[in-house]
Amino acid sequence: MKSRFMEKISIAQVLTYILLTVGGIIFLTPFYWMFRSSLMDQGQIFEMPPIWLPNPIRIDNFKEALTIMPFNRFFFNTAVIVVFATAGVVLTSSITAFSFARMRWPGRDKVFICLLSGMMLPQYATLIPTFLGWKFLGAVGTNLPLIIPSWFGGGAFYIFLLRQFYMAIPKELDEAAYVDGAGYFRIFVQIILPLTKPAIVVVILFSFLHYWNDFLAPVIYLNDVSKYTLTLGLALFSGMYNAQWNLMMAASAVVAIPAIIVFLFGQKYFVEGISITGLKG
Amino acid sequence: MTIKNKTNKEQISSQVEKPGCIFPDVLSNFTKFGKKGKLNNICSYGGHMKQETNNRVPMFEDIPENASNIRLGHLANTKKKNAYRQEAILGVLFAMPAILGFIIFTLGPMLASLILSFTDYAVFNKLKFVGFENYINLFNGDNPFFYKSILVTFYYVALSVPLGLTFHFFLAVLMNRKIKFRGIYRAVFYLPTILPIAATCTVWMWLFNPDFGLLNYLLGFLGIPKLMWIGSEAGVVPSIVLTAVWIAGNTMVTFLAGLQDIPRQMLEAVDVDGGNAFHKLRHITIPMVSSTIFFNFIMGIINGFQVIVQPMMMTAGGPNNSSLFYGMFLYKEAFEFSRMGSACAIAWVLFIIIMIFTGLTFKSSPMWVYYEGEVKGK
Amino acid sequence: MKKAIKILSLMLIVSFVFGTVFVGCGSTNKEPVKADASTKDAAAKKEPVTLKFTYWGSPIEKKAVEDCVKKFQEKNSYITVDGMYIPSADYLTKITAMIAGNDAPDLGYMDVSLAFKMAEEGKLCNINDFLAKDSELKKEDYLDNIWYNWAPGKSLGTNSACESITLLYNADMIKAAGVETPPTKAENAWDWDKFVEIARKLTIDSNGKNALDPAFDYKNIKQYGVQFPTTWQYYMPLVYSNGGDYVNDDGSKLTLSSKEATDAIQNLADLVNKYHVAPSPVQQRSMPAPSVGLQSKQVAMILAGQWNLLDLGAAKLNFGVGVLPKLKKSVTLVLGSPTVIFSGGRHPEEAWLLYKWLQNPESSIDLQAGGLWMPLMKDWYTKPELISKWAENNPSHPEGYKDAIMKQTIEKGVSGPAYYVKGFSEIDAIIAPALEQVWLGNKTAEQAIKEVEPKVQEKLKGRYDNKKQN
């Protein structure tokens, strides 16, 4: 009986590996394509049938790309925005979501729907009024319009996400603490937060990627090239009529690396044992 | 014992100050109250689960009492009232950042755009109110793009939301298995989401090339004739759906996090009872991540109706407007034709459409979304 | 419940205030600042002046503009230019937001359609006024077909640079196929049949057979004879060449549906679908930019903007230029996008100084000599000592350039429809999708345009007074 059980698992495992490897190769193609393009000259990139191995390898593309785009400065600009904005998102969205998920107050669900509705109006319709608002506050040209909103709940998306996770935690947990005399804030910090680490990691990750890859808001609010972010830097490689694809791909690859590293760190938290189960088992 | 028992409070805080104490604290609470609670019920998976879910749809009126019974049953009525008030005040306080943020950064611009939708605003002209003209011009067929873009967008949402959810759900289940190099696999599947979108779109245009593209090359092996992909009116939306699913790694990550909430014991219980993988999926996994499915579904709808970047980069709306998405239509109206007033009307029509779909989903949620710790508002 | 209503209504009130403030400051602050007094003072005392100038462009263009602006500042030390580079993909969005925020630059590059609309609302300066007062320049010094006049005597400016459409080819591939070199003089321009024949000889399948060979496999083409983007910039020269036009003389009727026009478009579409010598728009999506296609030998000839000379020159390719093939007469299309001075700026005089500076080929000589731009001034096309500064002795301007592009542009250049069709961007938004069916071979040009003609007719609002030289 037991051996059959094991056998079943191993077949499932093998199938999993095959599926994942085949799928992985398919999913890896764009990255590989981008990487090999970054080592070619313009003409080779588009040659059909495609060239898989660049020859000669043009490492200089990277040097050239990072000269056109002042990488260090843009990296610094982006990092400032990403760090402050992500901190704001995590801190404020988590406590807000706690209130929406696990506390009772009049009009709560209606207010929540209002928050959600903010995501339903296309941003191009509110772009000009929002811009005028920031203009009114004198903040256009600075990175404040990119950071400040994240300190006000961080956006309905994150609140909604965390709310869903908070609502999945058994009620008995905080009730117990509540009976023991803990306040709401303490329950939030000591019970809910530790139990929803994966969800918090998701919020950090999404928020990081969002601000890292954001294009529209920086282009609208930043006026000075010296304040530009990395994604705006990527746009430097395409003009009105032409684009320097090889350099753009090289720069894209470089820009993607920090994001990949953040993901690799973050995904470690998606392990059973961090969440509720581990406590018991 | 009162809730704000001072000594108790001090005890807890003194415990907290010791490092590493959060977990034991939670642990003790959990074992004390959790064991005889729901977990045991769920562990004997199956029918119970369903029952639980059904029981979770109480009548609206009796909720406050229900909830208060659990929480504050042993308190006198006045204290109950005070506790309520306190909870309400704290609740609003905790939610205040978002409420303020909404009022300051979202509501104003939204209302402004609503007002503008009744004007001929073109950014640089003298504003004039035109009543419902902008809306009428949309619905009476004067605008050559309105109905077309609505059809295209509905088609896209109907395809991409279910496909994206299913694909990334199963991907997440696979990614949650105990496999070697799990982190690497996860990163590989998330890579398309991380990369700058301009890069991914370029790759897909190459894959879609009817003559040399990889896709037709592979189909050739199966004896399937060449497809035109984004080059044909029939193929363009499904092709864009394909790329959209490809870069929707965020859905997978959300599911992955949701899967961490499933107690392993429950899955093991299925094994013990001789259930197979399908049973696990049907009776444990799906109900337990239903709140995440709900989230991804809603966000799929909200974002799907507003999709703009990939079609803009890959097809620019062609061929013959068969990938003219609603968002692109709006963008053109607002910035290329500088008819901001009309663009706002277009946006508000979409707002109402999305609102209806989201509302319906929320209304249906008690039937299929299961929250372990739902606390109803009042 | 009552509380909920209270909270909600409070939220509504507060946000309403915000909303109206936003809208309000968008509409009320639009009054142009009284400029005259302050500028006269500035000129007299040379008080420091700051100009905001917005532009787009590739890295090379960006650098050239930066250098150009720097030299300007050195010459006019009291003026500081706040040069704002905006990525071209979002230029429109950003500039619209700036205008809405009453934060328009003093001068900047501009989208043609938006520029016309703004000019009609009085938001752009009439460049003629500046010219009338200017002692150095006359309107006659400029090329005739680069002006954007929105009403008689009122001009919002000229192109940022002059551009035209031409034929470019890879000389090695022409030689290898043993075909004639494309002619550089208008009077020798190929007629259409000749052009098709050459293109067929230059199109080669994976077995090495050309498109004239009965065994030619058009599903596996390795090298295309010709490539052209399928937008109006490339079919309109042929329409003009065939005696057609976009709209009639008063702009009240679409004439793109006339036989002259549809025949010309059909001829181009036949290159793709009948003769299989040009890639379809779908295939082009996964092909490189035409100039890169020339380098990688995917295509032998391209119908392209002369700005491609920059890339070709930089790639050190052995390439050549020729005049476009003709249907009835040899023409080329002149295009570009305007640089404008926004009204309401504090320093119109200084803005004009910078405007002139940017127009002066001397100050952006690198871009002219590099092949990206052509000068806006007539003298630079006629006076040998000026021509030698940009169109000679550099890799971007090969032999024959002066005939095929330079002379062709001033002698046979026709301003494209964007210069004179009112509401052109909206009309093109209807025409372009309809024509996509033609490029894909699903419909004839006549069918496709006739189908949308009623819709286009509704959108026609007339024509701007712009000289259409031929």
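Brief remarks follow.
For reference, chains read A, B and C in written order, and residue numbers begin at 1 within each chain.
The rule is short, and it goes like this: a contact is a pair of C-beta atoms (placed from the backbone, for glycine too) under 8 Å apart; a residue touches a chain by one contact, two chains touch by 3 or more.
This structure is a prediction, so every number in the text was calculated from the model and none was measured.
Looking at contacts between chains, the pair that accounts for the most C-beta pairs is A-B. Greatest centre-to-centre distance from subunit B is found for C, with centres as Cα means. Averaging Cα coordinates per chain and for the whole protein, the chain whose average falls nearest the overall one is A.
Subunit A and subunit B have centres, each the mean of its CA atoms, that are 15 Å apart. Taking each chain's centre as the mean of its C-alpha atoms, subunit A lies 38 Å from subunit C.
Distance from the subunit B centre to the subunit C centre is 43 Å, each centre being the mean of its Cα atoms.
Across the assembly, subunit A contributes residues 48, 106-107, 111, 114, 124, 128-129, 132-133, 245 that each touch 2 or more other chains.
The residues of subunit C that reach two or more other chains are 11, 18-19, 21-23, 26, 93, 96, 100, 286, listed in rising order.
For subunit B, residues that reach two or more other chains under the stated contact definition are 99, 102, 104, 107-110, 112, 116, 123, 206, 209, 211-212, 334-335, 340.
For subunit C in complex with subunit B, the touching residues are 11-12, 14-16, 18-23, 26-27, 30, 92-93, 96, 99-100, 111, 113-114, 117-118, 121, 123, 219-221, 280-283, 285-286, 425-426, 429-430, 432-434, 436-437, 440, 455, 458. Those residues of subunit A whose C-beta lies close enough to touch subunit C in the complex are 42-48, 68, 106-107, 110-111, 114, 124, 127-129, 131-133, 135-136, 140, 215-216, 219-220, 223-225, 232, 235-245. Residue ranges of subunit A in contact with subunit B, taken from their complex: 5, 12-13, 16-17, 19-20, 23-24, 27-31, 33-34, 48-50, 92-93, 95-96, 98-109, 111, 113-126, 128-130, 132-133, 149, 151-157, 159-161, 164-186, 188, 190-191, 194-195, 198-199, 201-202, 205-206, 209, 213, 231, 234, 245, 248-249, 252, 255-256, 259-260, 263-264, 267-268, 270-272, 274-277, 279-281.
By the touch criterion stated above, subunit C contacts subunit A in their complex at residues 1, 3-5, 7-8, 11, 18-19, 21-23, 25-26, 56-62, 84-90, 93-94, 96-97, 100-103, 286-289, 291-293, 295-296, 298, 305, 307-308, 311, 315. Within the complex, the subunit B residues that touch subunit C are 99, 102-104, 107-112, 115-116, 122-127, 142, 144-145, 205-206, 208-213, 226, 228-232, 314-315, 317-321, 324, 332, 334-338, 340.
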